[in-house]
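One chain, chain A, links the two complexes that follow: it is found with chain B in the first and with chain C in the second.
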Partner chain A sequence: MLFLKELRRVVFSKIFILFFVAEVFMAFFTQFWSDMGSGFRNYAPPVPGGDYGMTVVDDPPTLTQEATASLINDYVNNEYTTYPYGFIHTVHLKGSDKDKISVILSKLTGIVEIEQYVRSSFEIKYTYDEYKQYIIPELGVLNNVSIDEFHALMTEADKILGGGSKYSPKEIMYNFSLGPKSYEEALAEYNSLIYDDRITNGYARLFCDYHGFFMALLPVFLVAVYLSADKRSKAEQLIFSRSISSVKLAAARFAALVTAEMIPVLFTAILATYRVAQFYDPAMMDMFAMFKYSFIWILPTAIAVTGTDMLLSGLLPAVAVVIIQFGAWFMMMFMGSLYEDFGVFDLVIRHNTEYDRQGFMDNITVFVQNRLFFTALGLICTALYVFIWKLRREGRFGESKLLSKLSLHRSET
Partner chain B sequence: MKASCYLSCLYIDLKRNSLPHILAAAALTLTVPIVFSLTSLSAELSAQPLEMYLSLTGTLLLTPVFLPEQNEDIRDTVRVRQMSYLTVCAMRIAYLAVIIAILYGIITAALIRGESVVTTAHYFGGLTAALFLGSLGVAGSAIGGNAVIGYMASFLYFTANFFLKTRLGVFYLFGLSAQTGVSKLWLSGGSAVLIIVTFLYLRYIKKL
Partner chain C sequence: MDDKIEIRKVSKRYGSKTALDNVDLTIGKGMFGLLGRNGAGKTTLMKTLAALHPKSGGTIRVCGVPIEDRKKIRSMTGYLPQEFSMYPTMRVDECLDYLGILSGMSKALRKERAEMLLKKVNLYGHRQKKVKELSGGMKRRLGIAQALLHEPKVLIVDEPTAGLDPEERIRFRNLLGEVAEDRIVILSTHIVGDIEASCEMAAVMNEGKILWTGNVKDLLHEAEGKVWTVTVESRFLPQIKSLYSVTGMVMQGSQTAVRFVHDGAPDLTGAAQTDPGLEDAYIFCLFKNGCIDIGGED
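Then we have the complex of A and B:
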């Protein structure tokens, strides 16, 4: 059977061994495995009077007061720290952009000349890095500004700053509305993990969080080397002349690549189940959770990445495909959030905790739409790859002159 | 062998092999001010663009050093030439390292202009990180026999630095950003060892 032949070719290749080691080591041993044994985790139920960490609380007065005071400070100093691409960016506004923030502040506070007012009315303290901070104890938002209007104004401020600020809809709650988690909340979360998630379903989300992250990158190396192997061994022209259908061959290769990519995931799913069983009662665990989640969460990522990389490999040199894929992944890595703040078009779904089942379930519709979208994307890209491959086979699609010039050795990579 | 022959070799390599990679590295350098702020940064923050971003120029420029001879036919032709192939490769690495140093110079100058705290340690520390990543790419592509394997080694090591951090010990690339105080000489030595081992491998195992 062609699929098995192709699978054997992939699995016994040097690049697959490197892929397997990288996926198992980077996505599993350095993350999930070491995380569980790190000593920071408490596997016992919470006890009254303990420290249960922080959580986002629904406290509009605190949120509006603290976020407004922070925006005033940044405005008066004219220094805003943002992370538009995951790295620090210091923004100094000029002209109309500065005025727009002033208008936002006057809408929030009712004070028109906010800068003069703050400078003359409040005491300054200097932080460790000499950043001036005005102590603003009672200046809050106007009573007639609703919470929705407040969020709209803060989103507008974030847009003026170029995105990635602490006032963005993604970040504002984590920056200004955190409070200590109560014992009842901690206990409810623990019980949800034990009884609703049967332990491993919660850990499976953490397991997939790590694997999904690396699965969005690592297949490119496998695909690039595997698809260029025909050219390197000078077998491509021979294959072109055979009677085998292009669809059949490309489908077998796509299926073989995706199957091979899932091998380290399923292998580590066994290890992850064993690892969780070291800390909890195995009788209470769902033994198949890691496998179920691997298929619904990681498989669509593997399909999408393999499909797009196959299509790109049909158009560009392997080296260019690798660089493009790494660049896209690198930006995604720093621009994404660690928790279930994902949309339909986010390839990497993050859920960096074994808890918060409810948060995940609240987003389940988006999750399903997301996974279906990426599965479809991968399949469409593969279909396009087949089309291009077929044209090349018939001699109706060649390298562009520009690409030939830029990459003299394209056929070998 | 006349020096002009070597110069001619380098010119052809620049024109037919390295140019797209140099353009990619230049494009990466141009995006530094977009991704990072370069003004009024502390010593730790000034190190971030140099160590956590610009160091990828090492991967982009040095990894494809052996790319032209990845083609067995070209490799056979090179074998029978009087000119030493490994000397040509060493020269390629040297001139590409100079280009990396220039790109680092541009961003360091931009940091100085932006009144950020930046010293020669930043410049050489960042450059060392780039050369180490490049050396990993060189070693990976030579030993793996495919430039893609070189990129894989280099990119994954770079990524590992974000996750494993100081667990990488003296070979942690972002030491200046994290203020670890570990000397960058380890990375310089590591780069030299990787390049030497690669050349010995090509000379005595691959008989080039």
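Then we have the complex of A and C:
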């Protein structure tokens, strides 16, 4: 009964309507729905002789040649583009750091005075932004540098540059080891979507990719505004004085918030299933795929974000909670990759394609660990929120100087 | 189970500030007034009794239940805070239903009690209104209804009449009088008229201490022979205010009728004793305990 009351309070609030509209439009209509109608997706099997796009290939000679040439160019120009924390940053190295890159290049190429050598040996072409590009067709890595050593040296270079460069382990393959996808690969991918994924399971991953992205941010507005309503409405003391247990009330509010957050996801899951059915044979589709994926993929995100935001709301004013969550989300977004390159501690799991079932399944253990971790995190944070709420209810929170500094909810004298 | 609240040597400190200082009180059934100026410690005592603030020392038993048993205390206490409000977009009947759930009441009981109480506080016709549409007086009446919803043995009402117009204030006091027939009602206020009109027993608080407690008539009795009136030329007013605790002044042309409290005969020609009102008695109590500097300033 209390859960239903709380749920009613959430879903009939103005902030929920804004949340619902934002989630549905930003995560669904402007992404999934419009993608499906844009012709960007292929709905027919590939035909021989077509262009099937690029894919990461296992081709060490190409990788080492391309990456080394790129690093030499950057070194001679002393201009490196990196994306630490998601923001573009141009690095110009000085002193020992510059020398360290020189040493790395020497190890890779066997050339000691690399700068002089390049300037005297290769012609220059200028790119559209006046960047000097030395054409280095034959320069490769030394034969005695193994692929593992090559990766170690590139990782070291990335560290010298402050991280986020195209030489990082996360980015190097996408930048220097791409090759055209073959017809066989394209056909196998398509067949996997149709037969293994029964179409909608593949699209459900794309659907969750978009929702997960926004679900890591938007609930903070709902949680912060909803939980601050007691204080804003001057109803806090009244709520505190009732006999209900702190655990019961907090649990009901947590459950109501998470349920409300899932409403736009489940609503769009219906629309997404309908949308996919416009392009494929419905008889071949898994009609429940969108819902299954929503629960295993998006629900843990909702639990984690709601739990952490509840905890922050117990300590800080609503506006501070929103700023912190927004900052964290912004960093997570731009540090991550679009594809299945995620770890156990990445809140947002990206898989921006309806294909590549195998890539997803290869990471399934990490996926499960990740979702369990964030579910547990959300529940632990909620338990801590209950503890803080109980202290505030008893007038014990805010009495110590530390907590007073952290909290705006001070005791009255 | 005792029908009284026993407060023994209760203290409450916030860092170096003492909000309650060795408070000793016994409060029985009926209306009990807690009188004191703003910042006297009334709200702290009210919140401590409602289990919303921990005490720093002493003991409190509410109808035999120690204050540390918060769940039980909350179930037997109704609390109307100084600044009562609820979610602005919630309807009056929804408010009571929601707060009833938070008090662990069954659906049938919530419905029955809410209907009865809304009729009692004259809000039944407004039950579909949103909280934000209620006037100040209506909100306070809703406050009383919610505080009585779970049939508490103790009702704690903190500064309920502040900001109400005279008619609403009288209506509210009468309402409190009705509900005090079968329970303990503690009314905290800085408005002497509220105590005078509704309480048989009272206490006077200042700077966290209880200065006086007993029957309101006894407070009046203590002030007998201490209240004086005199009519003087208005230009002598500053002198009078610097010598006595003035409780009233009525300007009459160039003359002013002054009412003041003084222990002993004042050195003032034409001064005459008069019957004390509760306001005089309260000021005399503060004066006697050294809480008022002569001149009318704290």
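Methods note: the second predicted complex is superposed on the first by the 398 of 413 C-alpha atoms of A that agree within 3 Å, B and C clash if a C-alpha of one lies under 4 Å from a C-alpha of the other, contacts with A are read in each partner's own complex, and residues count from 1 in each chain.
Following the convention adopted for this analysis, a residue touches a chain if its C-beta (ideal position, glycine included) is under 8 Å from a C-beta of that chain, and two chains touch if they have at least 3 such contacts.
On a predicted model such as this, the values are computed, not experimentally measured, just so you know.
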{"item": "First, second, both or neither for A:175, with chain B first and chain C second", "value": "neither"}
{"item": "Which superposed partner A:396 touches (first chain B, second chain C, both, neither)", "value": "second"}
{"item": "Which superposed partner A:91 touches (first chain B, second chain C, both, neither)", "value": "first"}
{"item": "Chain A residues touched - chain C or chain B, whichever exceeds", "value": "B"}
{"item": "Touching partner for A:240 - first (chain B), second (chain C), both, neither", "value": "second"}
{"item": "Chain B versus chain C as contact partner of A:352, first or second or both or neither", "value": "neither"}
{"item": "Touched partner set for A:102, first chain B, second chain C, both or neither", "value": "neither"}
{"item": "Partner chain in contact with A:62 - chain B first, chain C second, else both or neither", "value": "neither"}
{"item": "Intersection of chain A interface sets (partners chain B, chain C)", "value": "411-413"}
{"item": "Residues of chain A touching chain C in the complex", "value": "1-2, 5, 9, 13, 229, 233-235, 237-245, 249, 393-396, 399, 411-413"}
{"item": "Residues of chain B touching chain A in the complex", "value": "16-17, 19-20, 24, 34-37, 39-42, 45, 48-49, 52-53, 60, 64, 67-68, 70-71, 74, 144, 146-149, 151-152, 155-156, 159-160, 162-164"}
{"item": "List of chain A residues in touch with chain B within their complex", "value": "14-15, 18, 22, 26, 30-31, 84-85, 87-92, 129, 217, 221, 224-225, 228, 232, 318-319, 322-323, 326, 333, 406-409, 411-413"}
{"item": "Of all residues in chain C, those that touch chain A in their complex", "value": "14, 17, 19, 39, 43-44, 47, 50-54, 70-71, 74-75, 77, 79, 81, 83-90, 97-99, 101-104, 107, 146, 150"}
